[in-house]
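Structure, as structure tokens:
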Amino acid sequence: MAHEIPELKVENLVVEYVTEDAVVHAVNDVSFEVPKGSTMGLVGETGAGKTTTALSIMKLLPDPPAKLVSGKIEFAGEDIVPYSEKQMDALRGSTVSMVFQDPMTSLNPVLTVGDQIAEVIRRHQRVSKLEARTKAKEMLELVGISGDRAGEYPHQFSGGMKQRVIIAIALACNPKILIADEPTTALDVTIQAQVLSMMRDIKQKFDTAMILITHDLGVVADICDTVAIMYAGRIIEYGKIEEIFDDFKHPYTEGLFGSLPNLQKRHEKLKPIKGLMPDPSDLPTGCYFHPRCKYATAECAKRQPKKTYLSDTHYVECLAYEEGTGVKIEGGDIK
Amino acid sequence: MHRYILKRLVQLIPVILGVVLIIFLIMDLTPGDPARMVLGNMASEEAIAAFREEQGLNDPLPIRYLRYVFDMLRGSLGTSYRSSRPVIDELLARFPATMQLASASIIFALVISVPIGIVSALKQNSLFDTVGMVAALLGIAMPAFWLGLILIISFSLKLDWLPSSGSGSFKHLILPAVANGVSCAANIARITRSSMLEIIRQDYIRTAKSKGIGKMKVVLKHAMGNCWIPVITVAGLQFGTMLGGTVIIENVFAWNGVGDFLLKSISAKDTPCVLGGIVMFTVVFSVVNLLVDIVYAFIDPRIKAQYQ
Amino acid sequence: MKKESKKNDFQLSPEEMEILKKYKKRSFLAETWRGLRKNKGAVIGLIIIALIAFVAIFADLLYDYEEVVIMPDYSATLMSPSLEHPLGTDEFGRDVLARIVHGARLSMEIALLSTAFSLSVGGIIGAYSGYLGGKFDAIVMRIMDIFLAIPNMLLALAIVAALGPNLFNLILAIAISDVPRFARILRSTVLSIKDSEYIEASKAAGARTTTIVFREIIPNCIAPIIVQASIVMAAAIIIAASLSFIGLGVQPPAPEWGAMLSSGRSYMREYNYLVLFPGLAIVITVLAFNLLGDGLRDALDPRLKR
Amino acid sequence: MKHLKKFMLLVLAAALVLSTFAACGGDVQEKPQPSTSQEPSTGTESTGTETETTGLSRIVVIAQNNDLTTLDPHQHNDLISGNVTRMLYDTLIRLNDKNEYVPCLAQSWEYLDKNTVELKLTPDVQFHDGHVMTSEDVKYSLERQKASSFCGYLLDMITAIEIVDELTLKLTVVDESAALLSSLAHQCSSILPKEYTEKLEGEGKAFSDAPCGTGPYKFDYWNIGDECQIVRFENYFDEAYAAKNEGLKFRYIAEDNSRVIALETGEVDMILRVPSTSVASLEGNSDVKVLRFESCDLNYISPNCSGPLFSNEKLRQAIAHCIDRDAMIQVQCNGNAVPNFAPIGIAAIGYSEPATKREYDLEKAKQLLVEAGYPDGFEFTLSVWGDLNAKSAQVLQAACQQIGVKVNIEILDNSSMVDKCGGAKHDAGMDNWTANSEPDNTYRPWFSRELIGAGGYNWSCYPGEEIEALMEKALSVTDPAERQSYYTQINDFVAEHAVVWPLFSAQGMVATRSNVDGIQLYPTMMHLFQFVTVAE
């Protein structure tokens, strides 16, 4: 797979929010690849930098205060970081699309849903108004909403329907990359399942590369091919879905799984991770996770761990896997 | 929608009756004898007594109020003491001029303030923003009549570009409309900026941006579409302030409108004209507020849904 | 605070006292001050207001009213600004600066008194209305709506026109036209807090309505009141000047700014400083009040903080 | 489709709004819709193009500081409306610029006996509607005027009007009255067409809206609160007084500066009542000329001589010495006035310089104050008409303050003034007065004792009989010199006893463009405009 040019490649991405009071290190040296047709899950707690990473890819970071400090973002081998706003606008909505977190607020309340879908079609495809409208209706049908409702306003739709509309907008121009930022978090559980299966179907149909941002490991298990675990702006573990789910290595990943209710091991107590995410404007020295890590040693506070490749596709950032550090992981769920 | 408008119009009636009552009560405190106003200073005592009797000026207040209301329903606002002409004729003769001035002021205000507000919001904390908002604060702090005088001094007396008084041409309209519109513009600019600041942080703006439709379109179509409600609300409220302001602005610019007429009626103690003028302004103000509410429905489908 | 608890005619349990104390205003002022200090505009506004207040209070020490402010000097009429008369003299030979200084006193007086009046009357009406609710509320608010339907300036105009132009009537007119605003604000604030726990606590302790309104509700409405008051004061200065400008306000020779503009107007062709300076005095004062009002709103209303 | 629906809704909303106004407006169909009547009618401008063929000057634009109240000559007695009505109507007798009574609509007048006057009318006088004037019209007009509360009192001396034939009338008068001629020449004593007026008023319309007279001009249009235009009447009966221009347009520009600017920019050809603050700049402008004339104006203060304070004569005299006329003239008129010590304007018939002139003298005032029994001063309210007069009031206020007298200034509008001072509820009242050609029209309302507190203009409320006696004597004689001797006595008496505090007579001033000529100026302000020409 290394020979094929991936649809999306992020390399050493660093993003900071610069305010008067402090510099917030939101994304710290993040790298990953998403090949055509595959789905990467980006998992982490709130504030881990997932959305910032996604917005960097869209180049929709609120600037100021956000600054893309360094790194590369490649769409099919083409670095878009130096792109102008105009060049980006040509890509947004057509090459790369994003589905946002909260469907309730992500649609413009004063425009009809049909207009909102047609708008992106008109922007990126040479079609007439009428054709765009017809296409918009088709998109609605595709996401399971009757095309007749194109003339209605967002407030006339339920949350799940709104999310479908947003997905319809995102997919209207067959994007090569789709970023879905917690697309189901705000929805009822039953509707979550519907939306997810729909997304999976559509993704397969269009062979889209997708990033699915979530803190729900269940969702990841459902549709992702690879998983990146993010903590304090770093990807601390990355691997294929089986590698992560069956063989996670990082204490934080362990914590994540430990805080999930497990139906098979119902007798076991949940093991939530103690403490809170560090303040991203005042990150700890060494491994960012060490203050909360139950295996942490003095060494962990001194040096930031490097990527340790456990296989071609699986890496972890933890001193325990680096040689000669003396850090050991014992007595947990990590095999 | 139609029913809503009808309902609002019906609701307007008690408000207007109340306004009439309040102004009626206030104007009743006015010293001076209407009879003498009508008949002139040389009139005899008998003529005055007869006039009072004939006009029902001796009746108790409630009766006079009811008579006024019934006359009003028949389209009469009484007779001017000075000119002996029906008040409604006097007012309607000047109403177009006042509306011309008021609309020009509000249009001027909107045209200048909305773009300033938007740009200030988009470039928050920039030099433009700072200058714009300081200017807005100054605009609010400036009494319109003083600004009017300053404009006359600069543009009529010193530069001789624009006429200082009278009406008739577009040139005549500029200075009074600016003087009357500046504080309104300042208020609208401020509200536009603060609503814009809120709106451009909304999720749907991010959605719009993610479509790649370009910043201009995002601002003009998506952000503005949502910004109109607070802007129009403030514009509607400012319209009331502006109507009050026309009383002085029309005096400063010798603009022959209802405001100037009202002021002259006050100084001539022409109570029916004062009463009629204030009632007319209030009705206009109420109708404008109603229009604002109706316009809401065209801007925001959620509000429209509530009206139905 | 000690005094209040002594005066209480009902007993509170220690927990209830705790709840009540939590909402008392001691920290309120400190917090407001902290918020204000951060706001550059508000600080400027506050400084200007303090200066104007200082000048207004000590106006008599700066310029004697009888001898300088209203006494004509026919040998020095219509003199352009000079060292002796920094802002020139008017057609009576009176020093414009001296008149503006004493005008500050008048304007502050008008703004303070009219706002105090409309605040107390409107505040009480609004607080009761909101607290009692029901028919009383419905009727009172209907009446307020009617008042609000009349543009402020016109209402004040009608009142002065009817009562006759003088300082007292001017203040009264401005005050009356502002009553509904305060009534509304107080009412909505009261509605939002009347069901909160500390009111419930007072009620449970058997306090009378009047006690609750004055002791609990009104103190808790202070934030929106202060904001509104500073805005209303700014508006009052403008309306007072406007009415005086058209001869429906303070009578000569009192150095009211609007009245000064009115008499300066006939000289604006040759002596435009006569309309420039009194107007600037109005602008600066109103600006200061507005700056302060903005700052206070930002400091007091966390929702509006950016 | 959807846009159409939105549009329809907007139209509906607009219609609703309009209909609310219509509901207030009542008979809508008779009036132009508010939205369509924005432009004042300008259709009459074309008359100006005939200039070359007729040899007449174009329409002259005259700016006044106030709006006309009415064009009905019997429903007003003010100079602003008078400037127009004087041009629309004629009176029976004309007062010419040499102060002589000359025939106008009446060819001759003759006392048949002490109580009867025979009037012979000028034949073939046409009204603007083409109708020829007869004695019916005259009788009708005089009676209509007598019933008017504004100017009926002018004809109080006429008790009966009898028609002898088509062109002859007999008036029965109370006594041989010196005031008869002046009354018949007064601008209010205009003759209207009987048939036309009765028909118009029978239909419930106001005569003022469609005026018709015999004057050198006929009515064209009047936009209330803006401008009124009258145009030359081709069939005017008196060639000597016929209009030399196409017409007159009276514009109403209230604000002093605006009026001056309008003249400077040539928007208007002439302004009446030049604001004194602008005189200097106008006189320095070669495009403009300022015409000065002595006026019958008087600015004055009337103390209430029946009131609790100023019934004290010494006190009145004391305050009379506090009047700094020079300062007042400087502050209020920019120097364009002359001090006056008599209760009537300098240029008016009846004026004489009083024997005692109470000049500005605070020492004397202080002394009189002590004699009056107020060594420590006192306080009184000065009711003032108009903002401009308030300036003189402040001068007095400041002077009084120096002798310990506090003056409270109260600025009132006209009706409140008449209510207060006419009702004798005042301490002192300040106003101005323009005398007309008949002194009795000034002295009677001012000093007639039966008018004290009756709501008129007897504001001095002097209770003694001396003035009234002199006034009656003056009226009973016709010899001008003899009449003047009585008025001189009144003036001396008033000054001696400080019954009225005269202040100054403002300089009469009219400003025109430099190419304007021919205005006939009268001290009484009743100028004639028909000879005005504008050189192109």
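Note that the chains take the letters A, B, C and D in the order they are written out, and that residue 1 is the start of every chain.
The rule is simple: a contact is a pair of C-beta atoms (placed from the backbone, for glycine too) under 8 Å apart; a residue touches a chain by one contact, two chains touch by 3 or more.
A quick note: this is a predicted structure, and the numbers were derived from the prediction, not measured.
Chain B has its Cα centroid nearest to the centroid of all protein Cα atoms in the structure.
When the interfaces C-D and B-D are ranked by C-beta pairs in contact, the top one is B-D. Inter-chain centre distance (subunit C to subunit D, centres taken as mean C-alpha positions): 45 Å. Spacing of subunit B relative to subunit D, judged by their CA centroids, is 36 angstrom. Averaged C-alpha coordinates put the centre of subunit A at 54 Å from the centre of subunit C.
Taking each chain's centre as the average of its CA atoms, subunit A and subunit B sit 53 Å apart. Shown for subunit D are the residues in touch with two or more other chains, namely 257, 416. Annotation for subunit C: residues 164, 247, 265, 268-269 touch two or more other chains. Contacting chain pairs (ordered by label): A-B, B-C, B-D, C-D. Taken together, the subunit A residues at the contact with subunit B in this complex read 58, 60, 85-86, 88-94, 97-98, 100-102, 105-111, 116, 119-120, 123-124, 153, 155-156, 166, 169-170. Put simply, subunit C touches subunit D in their complex at residues 66, 70-72, 74, 77, 91-92, 164-166, 247, 251-253, 262-263, 265-270. Within the complex formed with subunit D, the subunit B residues making contact are 1-2, 5, 9, 12, 31-33, 36-37, 39-45, 47-48, 72, 74-77, 82-85, 88-90, 92-97, 99-100, 152, 156-157, 160, 163-168, 251-254, 256, 260-261, 264, 267-269, 280, 283, 287, 291, 294, 298.
Only residues 41, 142-143, 145-147, 149-155, 157-159, 161-164, 234, 238, 241-242, 245-248, 258, 261, 265, 268-269, 272, 275-276, 279, 282-284, 286-287, 290-291, 294, 306 of subunit C touch subunit B when the two sit together in their complex.
By the touch criterion stated above, subunit D contacts subunit C in their complex at residues 256-257, 260, 275, 277-278, 280-281, 324, 326-327, 330-331, 387, 390-391, 393-395, 397-398, 401, 409-411, 416.
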